[in-house]
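Take this structure, written in structure tokens, and hold onto it; I'll ask about it next.
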Amino acid sequence: MIRLEDVHKSFGRQTVLDGVDLEIERGKTTVIIGRSGGGKSVLLKHIIGLMKPDSGRIFIDDVDIAQLNDRDLNEIRKKFGMLFQEAALFDSMTVGENVAFPLREHTPYREDEIRRIVSERLQAVGLTGVEEKMPAELSGGMRKRVGLARAVALNPEIVLFDEPTTGLDPVMTEAINRLIIDTQKRFQLTCVVISHDIQSIFEIGHRIAMLYEGKIIAHGSPDEIRTSANPVIAQFLSGSIEGPIKIV
Amino acid sequence: MVNISSEAKVGLFVLVGLIILGYMSFRVGQQGFGLKNGYTVRAVFPNVAGLDRDASVQIAGVEIGRVEEIQLQDGQAVVTLRIRPNVKLGNDAAATIKTHGVLGDKYIELAPGTNTQAFLKEGEQIQRVESQADIDRLLRQITLIAADIRGVTSSLNKAMGGERGEASLGEIVENARLLTKNLNALVVNNEEALRFTLGNARQLTDNLNRVVVTNDAKIADVMDNLKDASKQMEQTFAQLNEITGSINRGEGSLGQLVKNQETAQKLNQTMTSLQEVSDKINQGKGTIGKLINDEQTARNLDETIKGINRYVSKSEQFRTYLNYRGEYLFDKSDGKSYVDIRIQPKEDRYYLVGVVADPRGRRTVKERITNGVMTRTEEWEKDGLLFNAQVAKRFRNVVLRGGVLESTGGVGLDYLMLNDRLKLSFEAFDFNSDDDDRAHLKAGMEFQVFKHIYLTAGWDDFISKRSNSSPFAGFAIRFEDDDLKYLLSSVPIPK
Amino acid sequence: MNAISAALDGLGKAMMSYVEEMGRILLLFLSVMAWMFRPPLKARNIFKQMEFVGVKSIFVVVLTGTFTGMVMALQGYHGFRMFGAEALVGSTVALGMTRELGPVLTALMVTARAGSAMAAELGTMRVTEQIDALSVMAANPVKHLIVPRVLAGVFMVPLLTVVSDFCGILGGYFVGVHLLDINSGIFIKNITKLVDLGDIYNGLVKAACFGLILSLIGCYKGFNARGGAEGVGRATTEAVVLAAITILISDYFLTAIMF
């Protein structure tokens, strides 16, 4: 489905991706973990073509998106939904308009249908009666959930979630996890999730990949990861200060 | 408040904007309207310098078309005029290139012609063409006026000819010393004489005033014909001269005079001529015959003045005056003439430059050093002109002026009364002690009898030891030279 | 010696970056042109921008136009009085407003009001990943964000210029006729006589060019903003400065071409 081969990316002198090889399977949820500032968001943006790799290739259904022109890239993107880390809601539009945006853009739905879908999607993320609010009037968590609703509005084949549960209370975290699991199952979605929440990782992930120092150092099922002997993974999962991961 | 949609607001704004644009375009483009279906006529000018395409074509100042094309043909400029269809031009129409003031654009003025039977048709040519620009004509007119003024001056001079004098600028300082001495003497010696003179002058002006008031309408004619007037005066003065001459030659005892038939006759004649002149002025005819016939001149002058008045707005303070003054010196049987330009940048200040033709003429002093001894010789150049260059400042009713007076340093003081119509003035200059004379003092008055005419009387050089002293009377003509300004404005110059 | 070559070097680099920037703006312009004719265009977006650029600038444009006309009349009067040509004040104001000051001042005011806002808004959208979000949703940001703003600039600035011209002439009329006692008939007659339709329309063509310049530069600067709130602030400032400079420079060339 999605395959990254030897992807390199540097910003100036800082190397963020240093030869990433990763295969994301169709119809599964792949969770990417890694330390803060390790390049997870950057990796996600490469997958959807927002960033171009310095070298290496990124295949979506065997098409190298690094080589595509804008128009073809847009065609590919119609398969995607994405939740940004900071939600990235359009702050000049109401919540309802935000969620409706992809629908208005790419579907021939009538206005009343769109309104119905929007409230459905918002209800699914636990929001009701916020359609007329502006994003600035929402809390961070609410915004994230609106972003989620917008990401799945079009029922895309592939959904990328950049930290969907960060900043939410435990109950809401659980609810969002359920939502991801349910939708994934129902529509056989391919999901890529970035998360720091260890509990969620094992709950929703079919596959887990660890990004460390610009490379994927481990990629396997939750059980494989949980039992990994790799000291980096062990330290990351246990959250210990002692170990190969340096804080400074 | 009603919630108006963006679309409505933008729509309203666009509508308002387009209405304003339409309105402005209409106002600006108006002149072109109705022209497209007009007809064209041609006019051939020897020179169309400054005339552009789209220049206005006017009749009596009303635009009736535009210049469509200018082409060169056989060294002449062929101008195609597009005329509104509803304007008909007789086949004797005439075209002139004119200017809106000095800075203005050129345009074509048409005289529509008197022929109401045969009109010019499409493509036909206007036969009568005056290529002369307004400016040129105006300058020519100014030249003519200047010539006239010169004529008046010279004839007056001839009539009153006599001794002439001149003084040099270098002698100013020394004269200042004498002034203080002489001022005392002046006051003491001449009090009575002055009072007498002033009394006479007042009477004279009263009379003249009466004359002029009854003849308002013809004053313009009078001015235009001053030259003739001066000729008349020349004769009169010549006769007066002869009389005084014979008295001076000793034939002048009273008995002889009475017996001398010729003298008596001359005296009689003189009186008669004087009588005649004043009679004619009284009757408002000005100079015999001519004035009556020359209505045109008066009308033109009247129009010019009206035009000037129309133009001059209250805020304009920069003024220029052109001034001529002629004085008859009774004791010397001779005349003294002044021509000057007064430039008044502010209401309370002016500069004056001009020339004076004094009967004594201009004095030149030569210094020669022989064997270490310096000798001075004085020469009087009879036809030499004296110069005036003064700065004046007004304080309420008093004007102080100073600078060069009759080619020497000097000061003057004017006192203005009756809304500036009456001016009493005192001048002191030529303080130079070299010619052994006292300073030249002059006192007089000037009364405005009509807009441009002043009468003047007084006593010139009244403390002179060299018998240069004489009472005088005369007149002045003063124009506010708005012509210049008028020229510079965009309003077309009236013909 | 070193200092001089360093200064020259700096100057050369500044020149190069200006030229490069112009090149990139031109490319942006081309893509705007390309997207402009690719339906569907969202009329709502365009109207919203038109309202923002046009309707909401009316007040400031009326104010600047009126006072410019007034001060022109006052200054012109003092100058012309020396030649006794006060009657030309009206046409001077009208010509000055329609040909030069109307378009330029309006463009500068709109730059300050709307050009800066465009840069700030797009800059914020850039740094909060809203523009990325648009791309991700397969919605072209140029088409969605820049085309409506450029269209609004190109159509609204000339319209505002009409208002500015008109208010300037009214202001001049007020000062000339009511305060300085110039004859109103002569005042208006000289305007209608000396001002051509061409003066007005060329002024509006200029205004349209300025509208294009200010919206394009505002969008460009915002679109390429980097680095948080500070970056947005810098983009805004740069947009205003660059747009104002470019408007004034291009004004010269437009004038040279048209009049």
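Which chain is which? They are A, B and C, in the order written, and residues in each are numbered from 1.
Keep in mind that, in the parts below, a contact is a pair of C-beta atoms (placed from the backbone, for glycine too) under 8 Å apart; a residue touches a chain by one contact, two chains touch by 3 or more.
Computed from a prediction, not measured in an experiment: that's the story for all the values here.
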Category of the chain touch graph - line, ring, star, complete, other
line
So which has more C-beta pairs touching, A-C or B-C?
B-C
Could you put a whole-Å number on the gap between the CA centroids of subunit A and subunit B?
98
Just give me the whole-number Å value for how far the CA centre of subunit B lies from that of subunit C.
56
When the centre of a chain is set as the mean of its C-alpha atoms, what distance in Å lies between subunit A and subunit C?
43
Mind listing the subunit B positions that touch subunit C in their complex?
5-7, 9-10, 13-14, 16-18, 20-21, 24-25, 27-31, 56, 101, 103, 311, 313-316, 485-486, 488-491
Flag every residue of subunit C that touches subunit A in the complex, lowest number first.
121, 124-125, 128-130, 132-140
Within the complex, which stretch of subunit A touches subunit C?
45, 48-50, 70, 74-75, 77-78, 80, 82, 84, 86, 88-92, 101-102, 105-106
Flag every residue of subunit C that touches subunit B in the complex, lowest number first.
43-44, 47-48, 50-51, 54-55, 58, 81, 83-88, 155, 159-160, 162-163, 165-166, 180-181, 190-193, 195-197, 199-200, 204
